[in-house]
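Below are two complexes that have chain A in common, paired first with chain B and then with chain C.
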Partner chain A sequence: MMQQDQLKSKPQAIKGSRLWLFALLFFLLLVVVGLNLSYGSVKIPLGDILKVLTGQEGVKESWAYIIQNYRLPKIATAILAGIALSASGLQMQTMFRNPLADPFILGINSGASLGVALAIMGASLAGGLFVPALNAAGGLGLILAASIGAGLVMGLILLVGKRVNNPTSLLILGLMFGHATSALVSLLIYFSAPEKVKAYNIWSYGAFSGVTWEQLHLFFPVILVALGILFFLPKGLNGLLLGEDYAKTMGLNVDRLRLLILLSASILSGTVTAFCGPIGFIGVAVPHIARNIFKTSNHKLLIPAVILIGAVVAVTADLIAQLPGSQFVLPINVITSLFGAPFVLWIVLKRKRGAASFNV
Partner chain B sequence: MKKILTFLVTLVILLLPACNTLSVLPDAPQAVTYPVTNPTQSDSAEELPITDPEEEQVSIDYAKNFTLDYKDGYKLLTVSVPWMGATESMVYALVPEGFDSTIDLEGVTVIQTPIDSIVSLSSTYLPFLEQIGELESLVAVDTADYIYNEEVRHWASSGMIAQVGSGPSVDVEKMIELNPDLIMTSATGMAEYDTHPVLEQAGLPVVINSDYLEQDPLGRAEWGKFIAAFFEKEAQADQLFDEMVQRYEAAKALTSTITDKANVFINTPYEGTWYMAGSESYAAILLRDAGAHYLWDDLEGTSAWPVDFEAVVDRAKEAEFWVNVGFANSLSDLTAIDSRTADFKAFQEGKVYNNNARVSDMGGTDYYESGVANPDVVLLDLIKIFYPELAGEHEFFYYQQLGE
Partner chain C sequence: MNHPLLRTTDLEVGHLNGKPAKKVVASGLNLDLLEGEFVCLVGPNGAGKSTLLRSMTGLLPVLGGEIEISGKKLAQFTRKELAYQISVVLTSPIEVGAMSVKELVAMGRFPFTGLFDRMSEKDWQIVHQALQMVGIEGFEERLIHKLSDGERQKVMIARALAQEPRILVLDEPTAYLDLPGRVSVMNLMRELSSEHGKTVLTSTHDLDLAMRSADRFWLMSAGGEIIQGAPEDLVLSGDFQRIFARDKVSFDSQNGHFSVANKGEEHVSLKGEGDARIWTERALQRIGFQVFDEIEGQPSLRIDIQEDEEGVYWEVNDKRTSQRFGSLGDLTSYFRSLKNQDNLNSD
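Our next item is the complex of A and B:
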């Protein structure tokens, strides 16, 4: 009942007091992007950074290169990945009405991991495939391998999603697929040379800095299309949150809705995993942060909210991972979990209503 | 009732290990002890006696992780650092056939020499066996997949020698059947990865070789004497080693007067992170001895550090040479790993070299195999890269220049 009231009150809320929250978040995004651009392993004065950005001459050549070809694509990747994972996580949490759901709950990243593991370590079985695999499709080999893996799982999920009318079956499918793939990956690791195992491990740490401008030409449009699907779904997601029966009484085609959600969420998370490796935590944490800041479960608000917050969180995590001032760098997953877990814990404990938005 | 039962079960579980050690001890190989004086206490008095006066005493000059001591009628090999962070050393008493005294050193594994058969669980032991003409003593390897030596690969594929794997799931049954005089392996100190505990439990003669921890190339090559000692051929290994050291020092001397050193960086980026070897590592020492300036010689220690891509751009974009580039066989392999590698000066000028000129179909790289025994050849390869005019007639052996 409470939620129905909440939903009904939303239209006014959007126009009203929450607008400034969006403005604040956008400003915050600009700040962390600015910080990420100016602080890195290499110390570059702010004046020189501005010169590069405005296309002026007279900056040390390697610095200009670092800004143009390293920091800018890295920030763009972080923003896109943060948005995609958060949006995907929100959809999964709503569809399964489970606060613990994340973008990878359907086994999308297990598929991607298996694809990459086969590309890197399958060489031990098939005889020197690794470099050819990397070389395939003009340096997109690993991305291709991950996409194929994620795509196969996605196809399987959509197929099952069409047949079953119970989301729990999908959850179990994802879980089982995760177990099966991790067993296969373990088997590959067991029979592989240490340096290949290390290459796979590094991939599994996740990173935004491995994505180049050329790869962004592919990354960006795919994310955009999948996000585009999401923008047609807020009404349906709101309906699902109240239960499938309720959604049906609202006149929603629940089966079609579920397929669209699966499609959008799988493309979003699968693409990020393909380009950046499995990035944990953002997808599960950001929707919670959004619900708490905006104190709503209305997806008309939540979708833009997770998009902004996701971008802020990802760029901030990357900023910390670069260990500004030192020449070393930490894996992004370490940062998201290490800093993110206590933060979300604090938010959840602070919130009085607990997981009310899930009807639990 | 339930509580009492639980208590009893817990008690039994707690007591079991104690019983185990008691019952297992007499069978363990360490327990074969002979009464002889402790070496550390009697060092001052014991300079003189060796059984065979004609036998040369071989000294260990470069390796830091093992010692060879000649005792009264037997030899003591001590691996002081059997794995990284090890607190205790491994001691092996090499007793010749017909040795009739007894040794009562606690925790000493006794091996009867000369051995006739050996199981090698690392490809780095193979070149040393070959050097002293004992490759045919090989009865099993861990896996032939990552071995470069063609002969050994042929033996393995034709079933003349066994492949037994490694780690806790090593094929113990096969080893018992083979009954080798010696099994040589490396160890990590972590039971879930190590091979030697299960072998020792089965009463098999295991020796731990920690050559890979040795960072000085000459020190690593000196482990040839360690292996040879079990065949009683350390004098032969010593002579070969001395000759190699002379060649190494002569090559090193070629670049000693160079003041304008070539700038070089190593490895490849991976997902935006670049692993750079510490300045005390094997690779860094070779670069230094080749007269090059390794751009990350400020990194401490022997392990690799994760360096940010942009830090590498800042320091190495204009560097002249780029070596040891992982899996890459060509420049296009590098751009496949990261297209931004093409913007480095070394790439654009084609001065990228990798140590994988000799690789088997499955990926066994000879640089990591026979290169361990022949650091002088590795060094000359590097000198030829940086200062071709100094390398004379030397032809590339382990290294190759990457083409398109």
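Our next item is the complex of A and C:
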């Protein structure tokens, strides 16, 4: 047991070390962004990168082009996707009181995929009635379709999940929803024109590249709005940690809270899925990393923490996917799954040892 | 005269959306809870204690009748208004992960802090007072999941206190605790009421402890009726014994606790005084002997509690022999063997 005077001196120390941690993480983000700009199929020296970024002359034109039109938007996408998936995963883990909840595992990505599949391929099915309207709106239609798909599955899980009080059942529920939506997607594929199927398949591999500056003009504000909702939720999320009953007796409007979480989390994961394809494991892993690094489950700290860590993890995953020094680029899901699956396994085993779910 | 902080009129509680769609657990309840008193809701398992408490705290819909809190009907409270009136401690252990005691107790201020939960100096003061009241100041920075079950429950009570409610409602707060934990939590509830003037309503299965602590009982039968009264009155009227009646278990109205009713057919007389006598009696009752004073003369078995320089010993005399035992363990195993012999003989 700790000494009392030691305890009294602790709060200051914690506050200090946490600020330092945020600074460290930010520095880490700068480092991986720098590396990611530099490495790829061609290696570009740091000095030249800085020249391009600051708008100076004297850099190879092809390098400038690669940085401006390929690597920068890709990194921006990775950062946004990492933030969005992590923030979405954090909200779901708290709301479902389940350390394994994330958009991918609960089948919410599959819902988004179904939305996207409908948007890409549905035209030939629906006889061009309403789906083209989605496509006509360009990226926004896709975002809408994916978010609605994500929101629908999440709403369903919330409804049914109220009847199952056990974390494992909830995961199986998510798995089943995932299978059901995949079946619908397969049906769509079966009846669709080959070129549309190909477009869908390429999308479904998942990638941070391929998102243009123009699309980012849409991606960024949508994510910002969803994060804006989250900005108002730390108190409610902290209350939910004690369980719905306690939250209610503390005067929280739990129904409204759940609706806002549903809205924020499904826009976040739906939008990422629309632009980058289904990307696994970032959503489940990052909140755990944040809890372990910051030794807290207080959302006032966790939300900024997952935002920073999510960005670092996504940019790092993309960096590894480039296989620096080689001509190959791996799909991003290969990397997130290779690192993510053992991580989830570790969480499961840690639970088995009787440790409470969110403990660090 | 205190006025009731909480009063129910013909209250009907139960569950909706079940099978059948409406399941009434208890009805016709006319109860009141006075300011500053400590009331224990007791009754057999499944009587509906939790259902009643959950209905009173707005966690379950009321099926019929009225609940009035501070003179206003429950249905007219918003969640937030109700949070100013009632705070709760629930049975099930919480799983919050890495959260400090201070952070958790500070959640009690939720109804008073704004959207961003900014705590004022005064809020922290109230948190500190709550920690003091439950006797865990100095624990502020410790993590919840590193505490013992009893300490954790005290933190939950501190959280409920930080909410500054008019009524504190606890649903079996001692259920997961070990015996010292139970005693200490029950004591704490007693103190909150008698020393800090809090109104405390708790359900509990610890009848022994409750009987020594509560101002009044709400005694709930398996059928869902409730009789109110001072614990002692309920024992004297026989209601207590009736509601908890079970095969083989009876309430000993002289000692005020439950005992396994092996009313011994064997009789034994005992001579001796003090602690040794009390524990000798208990040991004998446990193995099914009825103990009489020495004067009876009737029983053929007689025990003398004696003491020499080595300590207490027991001398057992029957018609023929006299034996000496150095411990109650030896004594009881001898008596058990006597009893078995008798059983064999009578067969």
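One rule holds in what follows: the second predicted complex is superposed on the first by the 242 of 360 C-alpha atoms of A that agree within 3 Å, B and C clash if a C-alpha of one lies under 4 Å from a C-alpha of the other, contacts with A are read in each partner's own complex, and residues count from 1 in each chain.
Convention: contacts are C-beta pairs under 8 Å (C-beta built on N, C-alpha and C of every residue); 3 or more make two chains touch, one makes a residue touch a chain.
What you see is a predicted model, and the numbers here were worked out from it, not measured in a lab.
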item	value
Which partner, chain B or chain C, touches more chain A residues	B
Touched partner set for A:62, first chain B, second chain C, both or neither	first
Which of chain B and chain C A:238 touches, first, second, both or neither	second
Touching partner for A:182 - first (chain B), second (chain C), both, neither	neither
Partner chain(s) touched by A:337 [first = chain B, second = chain C, both, neither]	neither
Touched partner set for A:98, first chain B, second chain C, both or neither	neither
Which superposed partner A:250 touches (first chain B, second chain C, both, neither)	second
Contacts of A:322 with chain B and chain C, given as first, second, both or neither	first
Complex contacts: residues of chain A adjacent to chain C	2, 4, 7, 10-11, 14, 97, 232, 234-235, 238-239, 241-243, 245-246, 248-253, 291, 295-298, 300, 356-360
Of all residues in chain B, those that touch chain A in their complex	145-146, 269-273, 305-311, 313-314, 317-318, 326-329, 332-333, 335-340, 343, 361-363
Contact footprint of chain B on chain A as seen in their complex	40-42, 61-63, 65-66, 69-71, 74, 123-124, 127-128, 130-131, 134-135, 138-139, 141, 193, 195, 199, 202-203, 205-212, 214, 276-277, 322-323, 327-330
Residue ranges of chain C touching chain A (in the complex, touch as defined)	57-59, 78-84, 86-88, 90, 92, 94-99, 103-104, 107-108, 110-111, 113, 115-117, 138-142, 145, 163
